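Chains: A, B, C, D, E and F, in written order; residue numbering restarts at 1 for each.
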């Protein structure tokens, strides 16, 4: 096993560096002064980086392919205000030389552990046919395998391996908390909604190299249709699954986006559908907001403008100052201001 | 068989009248001067009419029930600018005394003939598995029976018995015409879209007395979800129905409303999905517009304001005048103005 | 103390009835046959009811005034499908004859107990100046007195005496639950936001007889402006309240409606502002949805159309049926469907 | 006549190439190393291409001007992922050396033939004054000349020479088909609407070199106003053109965009105005969709994102699988999937 | 000449009253107890009033027709909280017995005086051809006659006889003031825009009895199209009216609603078009707001909810406190609050 | 004092040039051929300009800092169609060598003179407590100092030093003119609204080098909240400032954006609030439109597309025709077309 070396988001700005990275793009390009150079794009789970090979580009180019993991040596230069890596040596790595999880962003939690926790939530569903349906679905090998690594979205929230199941488990936990607070909510339905509402995403996004991409089915009919299909397939296999219960589950799936212009076919009409829809929005926002705050360079008080949210986020007073006494009090109590 | 008598939309405004009608509402109400009267609401396929019984209301009230067909005699009075029928005699009719079709609005075409025409369109579908799927669906007894009488909508367009199949056939005919005009359009897909796009309505609207009402499933998950369910059920029974073809059919169903805020889950992404969506809108508008124009009292140049269209419709110059020579020329050429 | 008699929402439909009610409207009107009658409108905390006095209306009319509590005897008649009360006797009551809380809708919880619970949440705020500010505000006699009875809104949600504090306490409890689930959220800020976000409503709505009405200030500048004013008044009295903390509290107030077109001046930019905004929406919806479901006549599967939500709500399968075995299983597990 | 050489959209990526092209831009620019080079932009009807002259740029620059057709020799290099043409020789061509139609996108149909077909549709209009008006308009030399080459739009649909008349003829044909399907539609009015609705575009877009550009009048008052002006000018020259008929034609023009926010002054209020508006949208979409599908590199399943449609288009299953048997079946049945 | 008697908006609520009024509606209706009564609707320029004739309704009904001015005697009764007039005597008046202007709402200013003032504004236009065009237009007998009495709108603002010219003059005056404040604005264009922007309304609204109603042309093509038609007609009669100037005037007309969804074909693109559009909105709002405030019963602090403005208007503090010294201070300083 | 030299927007395109400028950015960057160069960005009040130092970049770089004013000599080259300044000499200037106002865009008017004019408007306010409040506010040293230089906005309108007070004075003048035209408007309130509506901007935007930037408070709570805070602070210091008057001033502040989706908390409900809101929009548009027209290269008939206005602006016929006689006629009559 080779040493991974520094991650791309913490690359030193000077000196020779050696690291492992995946090759996202590889292209020979003409130099203005004649001849060609080799333009590369590297990535690991922490970010991406442009690279250039000026010496023997044709020979170097034959030594590895797109999507290969390589060991690469060179220096960082700034070009048009962006860093690029000037490569002096590069070679292909064997699978046994690296740890694949270094090269794509993933949930911090272990997939199997999350999958076990999901089974635990299914087990506390009290209504027998509903519990049986959920057991069948999460035990379906095709679904289970995909659930362990699919992201919850391409970009907006939980956009990393295991993001979908992490989001589902967060909603299951919130379901339990909400039912404690609003005892009239039906916990069985809320857990079922948490598990089923985005389940079609296991067929909407599929691995594409170290990343995920929309499948054709995902593009053409989206996760709501695909989730309905999974529900239909599994409920039709159960001999006496009641049409009423299926209808309520279908309603939870088609209404979870809350409003027609956001992709719902029907607005929520049951208390549990309202709760699911708002809980889903809250959990997506919390993950998105904390991740955006974390990925902003420290020292900046605001994140860059976030088009999908139509705003910048505030990282808290004091992030750019260190000496202010108000700030240290803030830090004592562990939060943004207080 | 009793004589139906005049239809409600052509009731004479004076003199004694005898007619058959269905009883939609029946209620004893207190008179201000003490005692009670019997308030009724009658209907036939041409319209509705309030009625009142001033004499012996309790006795009369026991002689028939809501949803009965009755033979009723009385005179028309105008009250708050609306006609009401002052009943002098009323009695329940036996089923053999009336023709049921006199009491609900229906397609002008014979249901069996339309059903036969639908089979004809299925038969010209060239792609074998698609044709087989459509044969299975329209031959499904539950679907076929409902198709023969379900309306296409509660109110907006084709809101009468047989309205759905009439609309489907109109789209099948338009599909053939459009494929002749735009030869790159795939006729098989367009006919399949015409048949499947609204098919979920057979479970969305159900007979309720002489009218139709939303089913609970219709309210909670709407015809798009129900149409997907029918497609899934029938395609999963065919041993080798390709996932690609099913996906395209699902896309036609979920995109036929054209835009997310109008109830589509995805916008049309295939030429046939664009054509289906616009053709569907055109056919709905044509039926709606001509029906609204026809139901406006002659002599009025404009229909009343139509909330769903946010406008009044114009019935053509000359409808209120008779002597204008320009008008008679208009009439010679058979149209609105010309 | 007189017996209240039946509440208006459970009035028997036949026989003589005696009850206590408040007089909302009182007007002498001409009869078509000459002379006048007395038109009344009664209310208690359960609903409202029209009434009429046909005998000696002028004399009766002089015996009491609008907003008086009266003891009234009579019978229910149905007129234009709405019940009205035909009065045979009516007299004014002394305050000692009735329990004032019978005449307006109120929180089911005791105001003083809720107020105590609010002080408890203030006490767990860790940041000293923030805790001090909140203590000062809830201890401000004008605010405290109003808090104990103001509704959270005129109509949409928590529209009853004590509704505001009930909503605030629900949000304080949710704040604690959310901070347990998302430990990076600052609990002090979330509790402060729960208490301050709607606080301007204590000056927006004011008692008007047994009901509440918008104040002129409420109409002209609304609760966000009034809440900012309260915050400014109290924070300016504290010698060293930091401008940073005040700004964050101002941001929580002006962003809690989430979006500009819903009345926010700024979109949420802090994690706590996102959480407050969505938690506020969730709590309002839960109260509204369960209340609407409860106020629908049992036997109806759907509530009437709710304009503010643009939908009907579903009360659950089985509400109209009693014998279905699926249903009894539903009831065993205590929820809508399950 | 010189050989055109390869079209820009099918330029070989290697080797010396000679082709004819029009010069869209020509500019001397400083090199970083001192001195200047000549930056060019070439086009033909198939696309555009950047070019550079490194040798003797000042001399070369004097040999031709912008908008000249040139014969040019050189090689293709890729720069910033876009091809550029490194010129070794270039010279101006005489008009007799090239075929002008090679240099701008045009309708595939002959303008005179289309113009004849348009006269044919005018001739079948039955109402004499309407037919006379249309004859006068299409025979107006200024209008006729422009009609033969104006595009229907700058970008969205039918954006090529002759696009307007091609679109108008397509609508005339659709009018005939729709009137056969919906016999109550007035064919005379529908044909008149097809011809007049976009006619103002003959003054909205004007030739600008080999392309078209918005005229100042087009920018300031748009084609609806200009179409009304043409109608007013010609109808006022006819001694007895009825005000009613003019009003209906004006209504067809001002309502054809369907909704106010899409540029209509009034929503359609006549059956023919509804049909015109939807037929116009359908024809525009069909042209746009097939053109976008055709201009996507083969092998791609989806077109790039289309901002005006807010979506990608799907080109059909199998386009990425060369020689797939599924595809040949597709081709046998003539369409996307089937 | 008969005495007009009290105006409808100041009718005493008791005692016998005699007044002149116009008959808007007249209908014999059945009484519940048998026989008929005569239902009437009266109006004068101050308002409208329902009326009933219980004695000899058939005979009375033959004595006058709709739209006649009648002298009527009777008493006011309140029915369903609205006043109605119980008629004891009624007779038709001769034109010489009344002053027609008592029966419709009119501008407070003399039409001829306003028309003279309009000519004055035309005269200060400096650019000769523009001045000549405007002279021709306002001197066109058909336009001038209509201008003197047409309202500016059916309901929203200046909805009274002479409202259009009053609005136009107000804009001419504002034009002069704005050009003094922003000297780069072209006063000639602004005055021309003030006169032309709504001029099509002279054909959009036409007298219908004592009221105005939409014409068919107004409904189908609206005042923007009709204003363009007037401009085209008059500019085409001038031998050398420049196309550039006509285009700018057309732009002012088609852009004056400011935005597409408010009925503009183009957004304002010239400084004068921006100024015209905002000045037009300001003047409409000022007239509307003061009229709504004036027509609210004194004592009410807020007007009723105004749907077109989506709000209530505030009439000022103190309006509900009679004789409050604060009020007289208000009046001394001439305003709402001060 | 050094000679400023040419302003950046009028730099000669050839020859050696010497000018004074401020350094906005300064960065050493690697050359592709090895070594580094110094990348600079210069600005003065007329615009910005990129610069490069190829010789001795490290040494040169140590001679000055960002935000220094420098004297610089070099030549202009065009690179990627944008000019860049190739520096041959550069040195830091002492404050006494330059006039600071040359380096940022400023109101053409003297700040002290404008401040005096503002005091003049305050002095004509008739209502004593309102006048006193305004005197206190504009005499508050913190406010007065900021008022003299704050812009009215970052970009849209009056985006230069002194822009806020220039905008406020323009509105005060318009207030006087509007009150003359609409005498029922309360001039005191309108002047108070003109002064207070945007006053929070003195804390929203703060100097950042030679430019302005959003403050954190500006980002988090915006100028409406900050304006309310200023009003609260000053009115609470006056012993008897009436709550009614404060409420009206608060209403003017929170309603001046006109509609909720544009940032108003309440829609205007007083005539003065309507007038303020529209007058504010008009003045912003006039400044914006004339500035955009002025900054478009002469010869262009249209400005570039303006995203905030969603349109291009028209600069008038003839701007592209030099010395055209039509133009001189335009200039004689002082406007765009006439």
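Just so we're on the same page, a contact is a pair of C-beta atoms (placed from the backbone, for glycine too) under 8 Å apart; a residue touches a chain by one contact, two chains touch by 3 or more.
The shown structure was predicted, so the numbers you read here are calculated from the model rather than taken from an experiment.
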| item | value |
| --- | --- |
| Partner chains that subunit B and subunit E have in common | C, D |
| A-D against A-B, pair bridged by the larger set of C-beta contacts | A-B |
| Equivalent interface positions on subunit C and subunit F, same or different at half | same |
| Remotest chain, subunit E as reference, centres from CA atoms | A |
| Chain pair among C-F, A-F or D-E whose interface repeats that of B-E, sharing over half of the contact pairs by residue number | A-F |
| Subunit A-subunit C separation of Cα centroids, rounded to whole Å | 42 |
| Centre distance in Å when subunit A and subunit E are each reduced to the mean of their C-alpha atoms | 62 |
| Multi-partner residues of subunit A (at least 2 other chains) | 216, 219-220, 247-248, 251, 269, 302, 312, 314, 317 |
| Chains that touch, pairwise | A-B, A-C, A-D, A-F, B-C, B-D, B-E, C-E, C-F, D-E, D-F, E-F |
| Parts of subunit B lying in touch with subunit C, wherever the complex brings them together | 27, 29-30, 216, 219-220 |
| Subunit D-facing residues of subunit E, complex | 216-217, 219-222, 224-225, 228-229, 232-233, 236, 243, 247-248, 250-251, 254, 260-263, 265-266, 269 |
| Complex interface listing, subunit B residues touching subunit D | 126-127, 130, 170, 173-174, 177, 180-182, 184-189, 244-245, 247-248, 251, 267-272, 274-275, 278-279, 281-282, 285-286, 289-290, 293, 302, 309-314, 316-318, 326, 329, 333-338 |
| For the subunit D and subunit A complex, residues of the former touching the latter | 77-79, 81, 301-302, 312, 314, 317 |
